[in-house]
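To keep things simple, chains are lettered A, B, C and D as they appear, and every chain counts its residues starting from 1.
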Amino acid sequence: MPFDIYDFTSFTKWIDTSLENAMSPFWTTVTEMAIAGVLFILFYAVVGLFLVYAERKVCAFVQNRLGPNRLGPYGIFQTIADLIKLLFKELIPIKNADRFLFNLAPYIVIIVNFMVLGAIPYAKGLHAIDFNIGIFYIIAVSSMSVIGVLLAGWSSNNKYSLIGAMRSGAQIVSYELSVGLSLITMVIFAGSMQLSVIVEAQRTGWFIFKGHIPAFIAFVIYIIAGTAETNRGPFDLAEAESELTAGYHTEYSGIKFAFFYLAEFINMFIVASIAATIFLGGWMPFHIGTWEGFNRIMDFVPPFIWYLGKTFFVIWVIMLFKWTFPRLRIDQLLTLEWKYLLPINLVNVLIMAFIVLMGWHF
Amino acid sequence: MEEKAKDIITDEQQEYIINIGPQHPSTHGVMRLVVSLKGEFVLNVEPHIGYIHRGIEKMCESLTYPQIIHLTDRMDYLSAHINNEAVCLAVEKALEVDIPDRVKVIRTLMSELTRIQSHELFWASYGMDLGGQTCYFYGLRDREMVLDIFEETTGGRMIVSYNCPGGVMYDLHPNFRKRVKEFIKHFRKVLPEYDDILTNNVIFHGRTVGIGPLPLKEAIAYGITGPSGRASGFSCDVRKHEPYSAYDRVKFNEVLFTEGDSYHRYLARVEEMRESMDIIEQLIDNIPEGPYAVKMKPVIKLPEGEYYQRVETARGELGVFIISDGNKLPYRVKFRTPNFANLSVLNHLVKGFKIADLIAIFGSLDFVIPDIDR
Amino acid sequence: MIANQIMFFLLSAMIIVFSILTVISRKILRAAIYLLFVLVSTSGLYFMLNYQFLAAVQLTVYAGGIVVLIIFSILLTSHISQRFEPAGLKKSMFSAIAALTGAILSIVTILDYKFEATAIAAKEVDMRLIGKSLLSVDYDGYVLPFEVISVLLLAAMVAAIAIAKKSGPAKTQSPTLKQE
Amino acid sequence: MRSIINYLKDIFWGVMSLLKGLKVTASYFWRPGAIVTEKYPENRKYLVMFERCKGELIMPHNDKNEHNCISCGICQMSCPNGSIEVIPKTIDTEDGKKKRILDKHIYRLGQCTFCGLCVKNCPTHALAFSTKFEHAVFNKALLIKVLNKPGSQLKKGVEQ
């Protein structure tokens, strides 16, 4: 197989064995954890900063503007400058706020982000933890990020924040259903919850092409519900600038605000990369049936590039949502979920199960 | 839906109050709304005005008539030219001067351009109020073309100060006709895009249709004029009923709806932009030749008496009431500004709706805060 | 194995410390957050046992579901400045006795049980196995409890609707509606 | 049955309207030609303002350092904000008559509302608007300007 030249399994194995030769198993584990941790923190920061920049550029181009263009060529250092600014900004203590919970909230959001990032396959062998219940794990962990938002809203002792937190809570709790169900549709199709197995099953064709119409519907629902779960785009009621000024993070300043801000972007990245992994084949290259030459060329593109390309395509779509649509109202948001997405989703799961049962797929 | 809202608000135990403003993204200026809420439902809204009260009416009493005009720019800064025109028309009416045709046509053209740019800004900011931030930039992009036309002819972009008693300050710029035509061509092309992004958007429909309905009877009772009143079916267009300047020689439709909800208030403004373009197209090719102003006396003194002139600004009916004691300074000047009257209905409209609807209703009434405070 | 032991002691310490904090905290939301930490640490124990399905269930149901619900209801009902009154002597005595009894009972049971070291490594439980046993009617099948749970959920739903409906007619007689 | 058809219709039209909106924004994303941003300080060199732009009030002087102002004070009277102050001085001309000429024409930029009445009412066209619009200063006193240049004189032929 040509794209096994990009197989990282042997590489990681080599690191493991050479470390084990050098030191005791305990220290091997510690070193490996440290390496993975540092890599993930770096990845987190780089992706976060890049996404902030990308969002600004996308929104600028959509709005006939140039976007950041002063710091460095095309303004690429703008977000770094912003980060430095936020680092130096004063952390304003809030009177009568629950200081402990107020400080804890951004970390909960960030930790949840990290827990999900670890379970995503970036390339063959580049996969921190490959659970056999990978998708279930992701759904389970990401359901906890709402706690950070709720805490932030409540402990700020601000009515705007509280309304924002309540909205966000109602929103995330109900949209988790849709995210879960649309993923379950694909679990039925793939017959496994293990992410590496799911990606491997798409070697012959991405699920969005293989899975007929139900897969496509599940994809659309997943994108909508995922956007809602990240509090973005037309679903940014928790922040709702024109109503609640900044929603649940009204009272946050400096680096704590930056954590929320960054977490929002990483959440979007997570949603997009899960969409890419499950619907668009993860790090699998694009193949067309029997076009051998074309397939060979595609194989030479590294899997990491494939993975990032698909993820950023989905991110671009989600960003376009945000910069095109007006915001929904809270009851419309819930109507959309309970009256439209959920029934369609349930029917979709049934159809998918039926298709799998009858073996009507490629 | 509405019934349900009313059900819930009867239980007034858990009411709490939040302040929207004076510094808030959606009040478009310094205004404070004290909102009583129960959950997300609005029980009561109390607008607190006066944060930028400058005493324009009192200041007018110490200024001569030509000097008053530049103050009216600062009331409703989005219909600056129309405000100017109102004072000039009042003064000219008092002096019984004959205004050349050219002046009338120029004033009409500028008024309609003003109306278009004002409604464009309304469209832009309404989109942003409802969370579609791209609308803001598209609206401003197209408004910029009108502002360029203004700047080329009058030297001012927003605060034009173009009128003076007896005519206009300077003649039209030679490029005026070309630029206006360019703008109309461009704007006819982008208006369908406006519809695609906002008017026909399903989320926008959900946010505005049926929100804050205002029946005709109440619209008249509250004195709601302008597009907001016409959305309720209140035929109140001064341009039609009491034509001033060149409005008696152009054909246009008064945009009337009967629903009176936020969506139709919005729609009335979008349709008015089309009507304004029709008016401009009728006039732009036959601007009569002649002087651009009548020679007035160096010191203008109105004969003793009371004078009232009403015009149709972008937001409704503006009335200028002047009492003169025969001096060069007016004895009293009173502006009946549309925004102040329109604000009175806010509390009535938002009761029982959600806080997000409060923003939608507030935006759809299209307030300019300095016009409320004066 | 030493790494495993360290993790185990860490998680156990977290469970104990946060359990105690949950009970003695005088701010209700903090208590809920400490409870969250306890539940997350518990799921960490399951992860250590390689029983990932149960760990994920623990996370979704308890951390993601129950605690969110608790926090939600706290948000709806209490104010930030609210604090618990310190419990009276009688109450704390009773609680202490109850806690002690429970602790002694479980310690005795644990000490009584003969733990046998096995050489079998912890096995990953396959998803298919879980799915099949959840829906099997055999001896160790779970389809009956599964159905019972669904009946329970149905009952809860009906009750919720009934409660919501009950306040309906009372509200229609409100003064404002009469005015309309 | 009808309700189901309506339900599906709702979804269809809703999705179509959203796609239409997406089409507009996405098309602008691929059309950088439509960008209207002005890179302001960089484009200063070739930035042309409209000739009538009311940047600030100036008093045009010709090559011989002569202006048109006869210090009649009409601009001062017509200014609604008191931003103009004309300070005349009386000199003896060569033929022994007393003559009122301009000493200082003080213009307070900070108070000006750019109504244009001074320029319009000036009988000798001594005042004009320049297109210079960058007025930011660190000291408020710098906004008080003297419009006539030092040593300037009244242009010949401009009479009171």
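Some notes on this structure:
The definition used in the following text is that a contact is a pair of C-beta atoms (placed from the backbone, for glycine too) under 8 Å apart; a residue touches a chain by one contact, two chains touch by 3 or more.
All figures in this text were calculated on a predicted structure; none of them were measured in a lab.
When the interfaces A-C and B-D are ranked by C-beta pairs in contact, the top one is A-C. With centres taken as mean C-alpha coordinates, the chain found closest to the middle of all protein C-alpha atoms is A.
Between the Cα centres of chain A and chain C there is a gap of 27 Å. Chain D has its Cα centroid 25 Å from the Cα centroid of chain B.
Between the Cα centres of chain C and chain D there is a gap of 70 Å.
One inter-chain figure worth recording: chain B and chain C are separated by 59 Å, centre to centre, where each centre is the mean of the chain's CA atoms. Touching of two or more other chains is recorded for residues 18, 21, 24-25, 36 of chain D. The set of chain B residues touching two or more other chains comprises 134, 141, 197-198, 201, 203. Listed for chain A are residues 62-65, 323-325, each touching two or more other chains. Chain D meets chain A in the complex at residues 11, 18, 21-22, 24-26, 28-29, 32, 34-37, 39.
Residues 1, 16, 18, 24-26, 40, 127-134, 136-138, 141, 197-198, 201, 203-204, 206-207, 354-359 of chain B are the ones touching chain A in the complex.
The residues of chain A lying in touch with chain C in their complex are 25-26, 29-30, 96-98, 100-101, 104, 131-133, 136-137, 139-141, 143-144, 146-147, 150-151, 153-155, 157, 162, 165-166, 169, 173, 176, 192-194. Those residues of chain A that touch chain B in the complex are listed here as 59, 62-65, 159-160, 163, 234, 236-237, 240-243, 245, 323-332.
Remark: chain A residues 58, 60-66, 69, 320-321, 323-325, 340, 344 touch chain D in the complex.
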